[in-house]
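First chain A sits with chain B, and in the next complex the same chain sits with chain C.
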Partner chain A sequence: MSTSLRNNGAVLLSLLAAALLVAGFALAFFWAPEAQDDPAFRIFYLHVPVALTAYACFGWGGWKALRLLWTRDERYDLESYVAIHMGVIFGLLALVTGSVWARYTWGVWWTWDERQLVLFLVLFLFYSAYFMLRFSTPAGPRRARTSAVYALFGVALIPVSFLAIRLAERYIHPVVLTRDPKIENEMLASFGVCLAGMLTLAGALYLVELAGKRADARLSELRELVA
Partner chain B sequence: MTAYLSDVAALARKDLLVELRSRDTVPAMLLFVVGALVVFHFALAEDSSRLASAGMLWIALLFTAQLALVRAFVAERDEAVIDGLLLAPCDRSAIWLGKAISVAAFLALAEAVALPAFALFYEPVTWELIAGVALANIGIAAVGTLLGAMAAAAHTRELLLPLLFLPLAIPLVVGGVGATLAEDPSRYLAFLGLYDLIFAILSWASFEYVVTE
Partner chain C sequence: MTTGEKYVTAAYLVLLGAVLLYVALIAMKLSRIERELDELARLARERAGG
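And then the complex of A and B:
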């Protein structure tokens, strides 16, 4: 294990993320055309990349959890945990930005008609329980495996919940609201840059947090040696 | 295969026998579910629709199930039964299956009281509702047994289990309420079947990881 606290990959990724995000939002605000019927549409360039990044983090956490169960290599435990930690942060951001979007488009802070938003609420509950599980189980290989199994359940729960939310709309609201703004090529390009920036940002945060947690673990090992 | 099934049968029989002798869990579940249905009468406004009462029934069933799940691993943990089970020369997933069968049996008993009570107090019980309850039962027992084993290792176990279980139970509520109320209940019953299939396979495959040290 390297004793250096320098983390060149994370620094590089952070710079790249900053550049991409600035470029993406500049494109979104000054180049991409305005959507006709939705004044708050520009939050699309923030909300949707954040939401997709959260899914990517949950998926990454699930993949690391699978690797842990497969190889029994302890280091995947921390990687899975940090990925899910990032996913929850981005998920919370997606909830907040989605709520703001709902406020300016429909005039309410919360709507059960917006499937993605409801799904994020369910996932937020689920992954908060993941943290409760981790913090109330003694550390060790059993906790690592239990958390990994729960993380894998999360990956299965995402599509099942999505289906459930769609099905629930039919008995709660027979008429489904549709909102399909016309997406033009310039919008798609700006959106792609924003998405790439957000994913890079998540990657950078993931590396920084992972390095921090590893340094923490190393420090407590050293403390035990000294004591 | 026959050896596996006879292991499962022996484990389920053990749990049913323990319950038959101690009578801890099932009477509590019966009392709780009837009590919940009575409380809901006072919680609902006078002119509430049948839609509301169907939702209340599903909440009552879900919360009653939590009683069975919280109790499911008490003997395993307190009397160290789990150590013996893990030493037994049987597949670990058989422990999960046996426990899930006994939990499903307790739930079925509670529902055998809850559904007539619901018919008496609120609305007639349809075949679709019975089918929905039976399918949801499988899902609750499958997922709940695995989560119960997870929570048994934590020091906040009784607190933790509902937190772990509720987000995973939302699809069951959607399927159950849909099967009770919608014009085309078959879609919702199929959804419940799909849920059972996915999560039963996942739980069956992952139980070993959760119980071994």
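And then the complex of A and C:
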């Protein structure tokens, strides 16, 4: 794909993300009904899409890592790295917004008793350690392969972390997207738009970050040529 | 504003702050790339002239 096409993609995704997020948040605040038992429930439309986007970014990073190991094409190394970078940013946002919600609803910023919270933190820390591994090894094919293998191991944690919310014995952490009791249609639609917006925002940031890293690499090549 | 609304506002401000911080970081990166490109263009011109 050419650079201009990629940059056009980033512009289009940014505009789409802005439109979807504004629409999604407007629906969440002015159309979706309030949850009677939780005045801070509207954090749900932010916190859950952000957490799911973090999973999606880690999954995308894992997919690119698999492509690298499969094809040995080193461009996937940068793509995997940038996706995981985005995943860590969205993961941090999920932890912070979750903490704000928890402080109001449970009265604490964090609790170690909830395994889904701890598992999400483990996933976040696992991918944070990815950067330590990556930057402690000299750049080259070896670093690319090691990083890819590490990124793929992390992917195994995603279903565990995701399913823990549903399989945990204690239900302090709310499970909103259920069939019984069924979430109201207006809430589900608003949530869907917010999730689409958050995924599009992550896509736009991914393309912008990738363009920046590639520009840096080209500058380094030019510097060597001119020197 | 109720306490619940204050917490909702705080959570949404976290996202807004993160996006604005990211925009600021990208702006700094762009200005650095621009500076380096100017420097490379100057070196290339000097080389072509000399």
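Just so it is clear, the second predicted complex is superposed on the first by the 193 of 227 C-alpha atoms of A that agree within 3 Å, B and C clash if a C-alpha of one lies under 4 Å from a C-alpha of the other, contacts with A are read in each partner's own complex, and residues count from 1 in each chain.
As a working rule, a contact is a pair of C-beta atoms (placed from the backbone, for glycine too) under 8 Å apart; a residue touches a chain by one contact, two chains touch by 3 or more.
None of the values given here were measured: they were computed from a predicted structure.
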- Which of chain B and chain C A:Y150 touches, first, second, both or neither: first
- Message: If we overlay the two complexes on their shared chain A, which of chain B and chain C does A:D216 touch? Say first, second, both or neither.
- Response: second
- Query: Where does A:L133 make contact in the superposed view: on chain B (first), on chain C (second), on both, or on neither?
  - Reply: first
- Item | Residues of chain A at both interfaces, chain B in one complex, chain C in the other | none
- Message: Touching residues of chain A toward chain B in the complex: what are they?
- Response: 69, 122-123, 125-126, 128-129, 132-133, 136-138, 141-143, 145-146, 148-150, 152-153, 156-157, 160-161, 163-165, 167-168, 170-171
- Query: Across the complex, what residues on chain B touch chain A?
  - Reply: 143, 146, 150-151, 153-156, 159-160, 163-164, 166-168, 170-171, 174-175, 177-178, 181-182, 187-188, 191, 194-195, 198-199, 202, 206, 209-210, 212-213
- Sites on chain C touched by chain A in the complex: 2-5, 7-8, 10-12, 14-15, 18-19, 22, 26, 29-30, 33, 36-37, 40, 43-44, 47
- Can you name the residues of chain A that touch chain C in the complex? 25, 38-40, 42-43, 46-47, 50, 89, 93, 96-97, 100-101, 103-104, 201, 205, 208, 212, 215-216, 219, 222-223, 226
